[in-house]
Amino acid sequence: MSILKSREAVLALAILALLALIASRFPAFVTPANLARVLTDTSPLILLALGQMTVILTKCIDLSVAANLALCGMVAALLDGMGVPLAVILPAVIAMGAALGAVNGLLVWKLGIPSIVVTLGTMTIYRGTIFLLTNGAWINAHQLSDTFKALPRAEMLGLPVMAWIMIVAVLLVGLAVARLPLGRALYAVGGNPHAAGYAGISVGRTQFAAFVLAGALAGLTGYLWIARYAVAYVDIAGGFELDVVAACVIGGIAIAGGAGTVAGAVMGALFLGIIKNALPVVGISPFWQMAISGSAILIAIAVNTLARRAPGRIILKREEAAA
Amino acid sequence: MQPDPVLSLRGIVKTFPGVRALDGVRLDLFPGQVTALIGENGAGKSTIVKVLTGIYQPDGGQILLDGQPVTFPDAQSAHCAGVTAIHQETVLFDELTVAENIFIGHAPRTRWGLIDRRAMRARAEKILRGIGADIPAGAKLRDLGIASRHLVAIARALSVDARVVIMDEPTAALSHKEIAELYELVETLKRQGKAILFISHKFDEIFRIADRWTVFRDGTFVGEGEMAGTEEAELVRLMVGRSVDQIYPKRPAQIGDPVLTVAGYSHPTEFEDITFTLHAGEILGFYGLVGAGRSEVMQALFGITRPSKGACRIDGQVRVLRSTAQAVDAGIVYVPEDRGAQGAVKGLPIFQNVTLPSLARTGRAGFLRLAEEFKLARDYTQRLDLRAASLDQDIALLSGGNQQKVVIAKWLATRPRVIILDEPTKGIDIGSKAAVHDFMSELAGQGLAVIMVSSEIPEVLGMSDRVIVMREGRIAGEFAGDRMTPENLVRAAVGIDRKEAA
Amino acid sequence: QDEPVRIALVAKALGIGFFEAAAKGAEEAAAELGDVEIIYTGPTDTTAEGQIEVLNSLIAQRVDAIAVSANDTDALVPTLKRAMDRGITVISWDSGVAPEGREMHLNPSSAPLIGNTIIKLAADHLPEGGQVAVLSATSTSTNQNTWIEEMQKVMGDYPNIEVVATVYGDDLADKSYREAQGLMQSYPDLDAIIAPTSVGIVAAAQAVTDAGKVGEVNVTGLGLPSEMAGHVKSGASQSFAIWNPIDLGYSATMIAHALATDEATAEPGATIQIGRMGEVTLDENGEAAMADPFTYDASNIDEFSSIF
Amino acid sequence: MTATARQIPDRLTSPAARALKSWESLLLVVAVAIFLLNTMASPYFLDPWNLSDATFNFTEKAMIAFAMAMLIVAGEIDLSVGAIIALASTAMGMAMSLGAGTPLIVLAGLGTGLLCGAFNGALVAGLGLPSIVVTIGTMSLFRGISYIVLGDTAFTGYPAGFAWFGQGYVFWVITVELVIFTFAAVVFGTLLHRTSFGRMVYAIGNNPVAARFSGIRVDRIRFILFLLTGLMSGVAAVCLTSRLGSTRPSIAAGFELEVVTIVVLGGVSILGGSGTILGVVLAAIVMGLVTFGLGLLNVPGIVMSIVVGALLIGVIAIPRLISKLRT
């Protein structure tokens, strides 16, 4: 009973039901190999959803994650073209993503500009910067070195490294959110910003930290994305920011801040990822896909929000309880 | 003989844009003693608390701890210095557990820098047990009731090894059972040699637990002394700058015909079978412990929540109230308990706050007429003796008491038949309180039917013609005339009769 | 006349290798003609609205000619009509606009020929017959749709080949990749993927490589030698075709110049000289075809991969 | 007790003095500066026909921005406006293919806009769901329905009379769209600033709970605001469809963020409770001038968007930075 009450459990059931539904039309979808593929494909969404979750927890939103990803990915590709070894590229793009996130964070923290405005602006600036870097040119598979392309697809224990990186990130973020003072501060800041100040938690600094984390994850994902799809151009992951927000919302992260879990974010992303991967496979016309994922988002929001609604204070005691 | 103060403030100055909240005040706190800080609304009491706990930085002056000057650049450092506070606002977080709420900001850590959840939980349980609270440390705060939350806030203040404990209006939201427990806690702390700063507007409790007093007025220090041998009237005079003679100026009113008749109002979870009649010119008091469901009933009458059963008649006509707009049309208005969230529309100027429910009257064909709005706002705010720089000033810039006046003005301007005042004087200083009471009497005298929800017995007894007591969502008794005694009210409110019968 | 003839070459979107190469060809034509200024521009992403804003600013600058590769056959028509009303020569190339919106359209090749080529490329490597699927660009891109239509018309010539699906990768690398993966998943016996788009073909080749199906699934269609070189060598793609985009940009510029300077008029049956490419003749729809598509495979890829 | 009553003045600063220090005056200065810069930068800028063409860069987005501004003042947001345009345009195409004339086609567009607005409104005001995520969902849903209807085809061949909305001129260089834009500005300006409805919108934006406790029908007003946004998206759909002369499901992609950018640049607080229609008008003009001026210099669109992004942050950040440095 109390298990059913948890949003995460409901979501897990929904995912299982979805898989069962797909399997009934297309059994091959649920083979372990294919599920591993879906997991790998969904890794970028999960990675970004982790960062977005921390940002949303603090009552902010980051619309610039996809642009950040694209810019970092392009820089990774350019560095690779210059012969920089991967061991240097990887920390460099993560740092760069974090720095771009820090720009958002600083504008929110120090100038108090609402995050939606800040990231709406930096979103176009970051993406435009890619154009300025390359004059719009694409970087194609043959221009990327083999080691650069190989890392995310190399397999370990049956799963590509890309998926392993995602899993490690989920565990690390999960641990940080549950066990680091900063992680707990995310909830405090989002749940009651006024009170957070009284508890000695700086609202701005916590939001800044969330933006930096989201940025670092976007930077990492930028490299993974470019290496996986072996092409870099201005429009990489265009519009992906809304998918990321949708994943968080489906995962039960309250858009008003202060409530939500890492497990929820991961499952929200998986839910979207499975739908996106399954629709082409089960032979649903491509023209139906958009409407179907839109409906899925709406249903998820309705279920999440209505379930969270406070059940009232219940002043009246039931007679037997009082006796 | 007086020990040396643990903590002394000298010449503290704090200014906000446009307001000098503290102007060179001093304050001394002594070990094992309770110092009461007294002052009108906006005198600067909460501001000094925030200066002491590192939330605000003073613009001038000195904080001396054991005679040594210290600074508290943030809440953490005040904590470390052993200064802890139960703030006027709740400092709790719904999505965190009880233990986390108690320790947020100073949680015990493991070697790896992670939060040591086991240690945190054990310590939280110990503190909770110490204050007699039976609350599981692992529960999420959002699952707790109001009283438990308050205990968590207290536990939080005790979670550091404090030398100075500050309590800013800790009893404002408590009923007298919890208040009694709080007094015991204060005694324990005193015995442990802690210095306590106690802020309250209620003189009975100040006289009961404080050893010393300090009075602020308009951000300045006006005096201090020993509680023993001090008269209430003297404190009031220091505080207000004049004497307040009559606190409950209830004038006998002409009670007229029934205006509002409520029959069998019920709600699935909040209240049941609420039945009463209200007459023109009458002040009907609603007493009960906090959480008895009085506000819930009033909000149902005002169309906020929908009753599942029951009927409501106004002037004999059955009215179905599905929205606040319908309630206002029917002539019922409600001055809410939660001024900040439900009363004032902060961000809008005073005059717009006043005319909000009367726009149909001040405007024409849906278009605004500013001149009419200013006229209406001026009429009613001046009758309530509002203190404001101008009518197009943002209401958020007013002190709490003055905001309350604007909210009352807003409703009077609709010329209602019934006005419901929910805790109209909660957190209001003694001078403003008298003004509100005075005004309530005047309204009743003019034939308005008034419902006053209050948790303060003297106020209920002093102002009401009749009192209804609620307990756990039901009417527990109705008292008028000679039967309106403190004993009867309290018995009904806590259900002593039932217990004795069982 | 002192002022140079200003010819605007409008791409579907900036940054795509194919159009960048065409721009090179346009510059080549300009150098040959002398006294010609090329304005190479386009929207950031492949939308009609973006292209209209670009066209508006070109109209405002009173360029002499506009040569556009359209993101939408119909949506550009009103704007291009306005351009023509203001005395600007308008032609379309690569991806056409409806006849009311331009004076003529330069097809890179004839649509039937392309339609036949793409299926032939697949069929040539499937002597026993088999299943093929089409990975297109957006569902709204005119040229893709025409080619696929033409391909369907000649399917009778390849009785053993079955087209099992048409999917859309929207000219986005990741979406195309996922769609290609989906195809291999849904049709385990798939023998070839035909992607008549330079973005799609690369993504599909990558997907086939990643799925370890090199040799099983042959990727073919239309692509750029520079982008496909690696995949041809790896065997993910046996062969693919394309016309030379440099030539296309060159020809479009030549035609735009001829029409703008009234050296030629655009009417059915008219013949227009296009420098080193010879001449084209307009059909009754005002369309002309530049040249046949050219097939690239392991034997010639290195020669071209450094050019475009 | 009236004996002690003191006089409280109505105002301390005159409305004129306030206006001078307002966001709108700042925007006006920015607009004039950009106008002068453009005049210097390109010889083609100061030409009535070119300026008239330039208005197309913002008129449709601005029409929606007015309704969106009211919605944002009330503390809500609608990210589905671009998708509503697509669906409304599809409905118009269907009406046309069923043989409807221009008036019916227009009605189909406006009606669809209203329906979409009602759907959003019902989810937000009726069920109490957060608008930002609801409209992220309906954004996919509405456009998705367009894709289901149209697939890879397009509606073309709208009647000649229909072209008037997006391509017609009322007088000399004054386009029909510009007239609709101006009319919408006046109507929304009046609605927000001169009526009780507008006042209630501000009240809701500042404190929805207190607004409800003041007898305002908060949910009904929210619903109406979504209806208005849907309606204006329908109007924009009519104009855009007429201007393009055709309908595809990808029409108006990315409009929502540009509309929100105009609104925010116009000084409307994204947190609700403040902002003016005049600000939105000026912001639309500033955006139009920037994009058109840079377009004349053949600057790629993405570079323009950098400029717009920087403008958005800069215009908000610089005053704050200055006041921060002062203290």
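General observations
As written, the chains take the letters A, B, C and D, and residue 1 is the first residue of each chain.
Just so we're on the same page, a residue touches a chain if its C-beta (ideal position, glycine included) is under 8 Å from a C-beta of that chain, and two chains touch if they have at least 3 such contacts.
Small disclaimer: the values here were computed from a predicted structure and weren't measured.
Chain pairs A-D and A-C differ in how many C-beta pairs they share in contact, with the greater number at A-D.
Here the CA centre of chain A is 30 Å from the CA centre of chain D.
Remark: chain A and chain C have CA centroids separated by 36 Å (rounded to whole angstrom). Centroids built from CA atoms put chain C at 73 Å from chain B. Chain A and chain B have CA centres that are 43 Å apart. For chain D, residues that reach two or more other chains under the stated contact definition are 147, 151-152, 254, 300, 302, 305.
Residues of chain B in contact with at least two other chains: none.
Counting only residues that touch two or more partner chains, chain C has 14, 44, 139, 168.
Each chain pair that touches appears in this list: A-B, A-C, A-D, B-D, C-D. Note for the complex: chain B touches chain A at residues 53-55, 74-76, 79, 87, 89-96, 100, 104-107, 109, 113-115, 117, 145, 267-272, 291-293, 296, 472-474. Of all residues in chain C, those touching chain A in their complex are 14-17, 20, 44-45, 139, 167-168, 172-174, 177-179, 181-183, 185-186, 188, 202-203, 205-206, 210, 226-227, 229-231, 305. Only residues 1-2, 4-12, 194-200, 202-203, 205-207, 209-217, 273-274 of chain D touch chain B when the two sit together in their complex. If you check the complex, the residues on chain D that touch chain C are 42, 44-45, 47, 49-50, 53-54, 56-57, 147, 151-152, 154, 156, 163, 166-167, 240, 243-246, 248-254, 291-292, 295-296, 298, 300-302, 305. Residues 175, 179-181, 184-185, 187-188, 191-192, 194-202, 258-259, 311-317, 322 of chain A are the ones touching chain B in the complex.
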